[in-house]
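Following this line, the structures themselves.
Consider the two complexes below, in which subunit A is the common component and subunit B and subunit C are the respective partners.
Up next is the complex of A and B:
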């Protein structure tokens, strides 16, 4: 299965939300990384057929996804960034309703709902009204509905928002398990969500796709620009104003700063292994600080 | 015809070119690719038939998902209609006029509940998508409203066989088509889950004022065929606009 984006552009008035994105996506997890307003959600919406590109084309195995219509949507599982619920529906009723809108038969839906509620740790909440669930639980219902039809293309926009660390790990593992024979597109600005499971990371900035590569390759690309330096308390502000400073670890000998810089920031600075947070900081420093 | 003279040097240069013809497999691949790009002619009637069948099939599911308040409210309207005609002996034409769009106005909340719950974006990506879902709900509410109006018309004729059937029909057809169309238009732009309550209140007040005002009452009673047809036509046009809008649901129109 191959999802192809050919020069996809989406404009809203004068603003280019997505600007000439071209890429190919095959089975595996793809992490879309970008600051707020970078175009991730707009691109996700086009891939989910919620909106159409202003220009360019999205195809699945050579066929335009908008021409494919319901046969494409039949393959799709989607979790929007902001999902609403019918609050007076119970969890089970909501999932049955969505299953029927996905064209599933009652028997198949029943089995799948039981299985998925177990996977997202909501079995005990089956008969509870959605309005009474916490934000994290509602998000888990959202994840379950996206997986109901065993989708071949799963698009999840900020899926871990509101989940506690344990549930985030559970969700990551779930995605990792199912991604072998399907395309999973995951948009986030929480780098740890994709660090270990993404086959490739797509970095978006100002509507453009600026990088697409494996996490390893992307991190290798900035290997010479990540430094660790020990400073005292009084020097921290000066480093922060001159460099992109990531983590700061306070210890007995002062503060250890993680710095992203093309040049060596201090005589005693040492290179340190790169992680995805460094990568994020490298590309989105201004946005992160905003 | 004059033969074109080509410089021997250029001629020799051109002759040195060879064109590699593609093999059978390459030609097949090219044809297959090009065919996938050719827009398919839509069989409009077949597509309309499939779409209509889907909407009808989905209506039953949507009906089962309606909140009990919709059915309770409509039972109250029906009860009120029966009581008005049999106990209070109100004017049957005016009673029908006032009751005619109420089930629909009460149902607007159900029709647009995805929008109010923030589920439209998700529903746009499902096999049976947002416009089919809204159309199915519209069908349920519309047909149910029609059934209520027909039942009250039958009751009117039962209570007083001397009533004019065509006038009874006109009494409810105009508000059923026109008022419900305008109400839906307002509801689409209001995007509030209080929309049904607000519109029902407005309609109650309007009917009360109209019944209290002899001029409007007389106007309604003397609606002739031409004027009535004009009102109904206006309602039909509003509904055509709605149907087109629903068919082209997109995230901007839904304010997502």
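Up next is the complex of A and C:
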């Protein structure tokens, strides 16, 4: 399976929310990284066919997905950024409803719902009205509904928002388990969500796709710009105002700062192995640096 | 899928609040406004049957007598019933004579039109002649039940259908947008066309239920209050239909009334589905549907006499067709080349066309629909 985006653009008035995105996606997990407003949701909506591109084309194995219509949607699992639900429906009833939207028969749906509720750890909430669930639980219902039809193309828009760290790990495991033989698109601004499971990371900025590569390659690319510096407490503020400062670790003899910078920030600065946080900082905090 | 759509419609609490309020109020109104009583019915029963020359004369005499006792302090039940029945008999006789006269006049007009070579006018006059000569107002019985039942349709029936359709259906799509469930609807195999089809069918089922419910209430109430006499009398006994050219009994007319009302209501339901699909919010959808429904009523009460063409145009609004009465009160035709078409047929065509357009529109809208 191959999803191809050709110059996909979406404008709202003068605003180019997605601006000429071209890329190819095959089986595996793709992580969309980008600050708020960078166009992730808009792009994913088009891939989920709930919104049409202003220009450009999206094809699956060469066929326009909007032309494919319902046969494309049959392959789809979509978790929107803001999960929609009827608050007076119970979890189970809601999932049955989505199952019939997906054209599943009642018996198959029943089995699948039981199985998925177990996977997202919501079995006890089966008969609870969705309106009464916490944000994280609702999000897990959303994840379950996306997976109901065992989608070949799974599009999840900030799926870990509202999940606590334990649930986040659970979700990550779930994803990496099912990622074989399917295309998974996941947007986030939390780097650790995709650190180990993403085949490739796509970096969005102002509607444009500015990087697409394996996490490894992307990190190698900024190897020369990640530094580690030991400073004392009083110097922290001054570094923060002139450099992009990432993680800070307080040690016995002052504070260790991670700094992203083209130039060596201090005489005693050392290179240090790059992680995805650095990558995020590098791409999305450019304004803050010198 | 239809089941799901019905569940969503019937889960709306506002429907039940409106139901309790409306039917409570209606019951109050009809119990405090009972027109007749058993005495009246018994008097009518004494006079029941074909209107013979003998009955007409007796009725005339009776009326004369009653007019003489006029100034005394009010009528008792029995006397007003006698006044009623004698008036009805005289009125029936008058209508009968008038219609004979009309038939004769129309024969004359038809001949004149033929001489002028006006084929359309000739056809119209022939039609009118045929219709008026078929109207037979020649029997009497107690008819409060059908009179009130028929009147219910064009007043309360109209209000109830409009209200419940707007409350029940204006959110049928816009609620999906509001709740965000639209995301799933637009991105799943059975979300678009299949769901829209289910929504349309569910809306139609809901419409039928609404009409059946208030009609059951209507018949129960009217039968309980007035019995079952009179359904076989011609509609000309009802004040509004005195000049009607249609030869129909109350029973026949009531069936037609319900049929036309339902057809127009189905078309209106279809239109609401379209509005709901287009509207950005449920409030807007509610408001627009209400406007579409209410404007003809308001407009008609403001300027019915003043502007003729507006009045004509309003005749063909769904609201007015749902009201039915205006299509049956007079001899009015819409003419297509040489052929006069009676208003009820035009009403049926308007409803069907609207319904087809609404179905087609909603199905094609959902095909292209995207999240705003």
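Rule of thumb we're sticking to: the second predicted complex is superposed on the first by the 285 of 290 C-alpha atoms of A that agree within 3 Å, B and C clash if a C-alpha of one lies under 4 Å from a C-alpha of the other, contacts with A are read in each partner's own complex, and residues count from 1 in each chain.
As a convention for this text, contacts are C-beta pairs under 8 Å (C-beta built on N, C-alpha and C of every residue); 3 or more make two chains touch, one makes a residue touch a chain.
What you are looking at is a predicted structure, and each value in this text was computed from that prediction instead of being measured.
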item	value
When subunit B and subunit C are modelled together on subunit A, clash or fit	clash
Touching partner for A:62 - first (subunit B), second (subunit C), both, neither	first
Partner chain(s) touched by A:103 [first = subunit B, second = subunit C, both, neither]	both
Touching partner for A:76 - first (subunit B), second (subunit C), both, neither	both
Listed stretches 1-9, 37-45 or 55-63 of subunit B, narrowed to the one that overlaps subunit C	55-63
Those residues of subunit A which subunit B touches in one complex and subunit C touches in the other	45, 48-52, 70, 73-74, 76, 78, 80, 82-88, 97-98, 100-103, 145
In the complex with subunit A, residue positions of subunit C that touch it	1, 4, 8, 11, 176, 179-195, 368, 370-371
Interface residues, subunit A side, partner subunit B - complex	45, 48-52, 62-63, 67, 70, 73-74, 76, 78-80, 82-88, 97-98, 100-103, 145, 149
Contact set on subunit A toward subunit C in their complex	45, 48-52, 69-71, 73-74, 76, 78, 80, 82-88, 97-98, 100-103, 145
Complex contacts: residues of subunit B adjacent to subunit A	33, 36, 39-40, 61, 65, 67, 113, 117-119, 121-129, 133, 250-252, 256
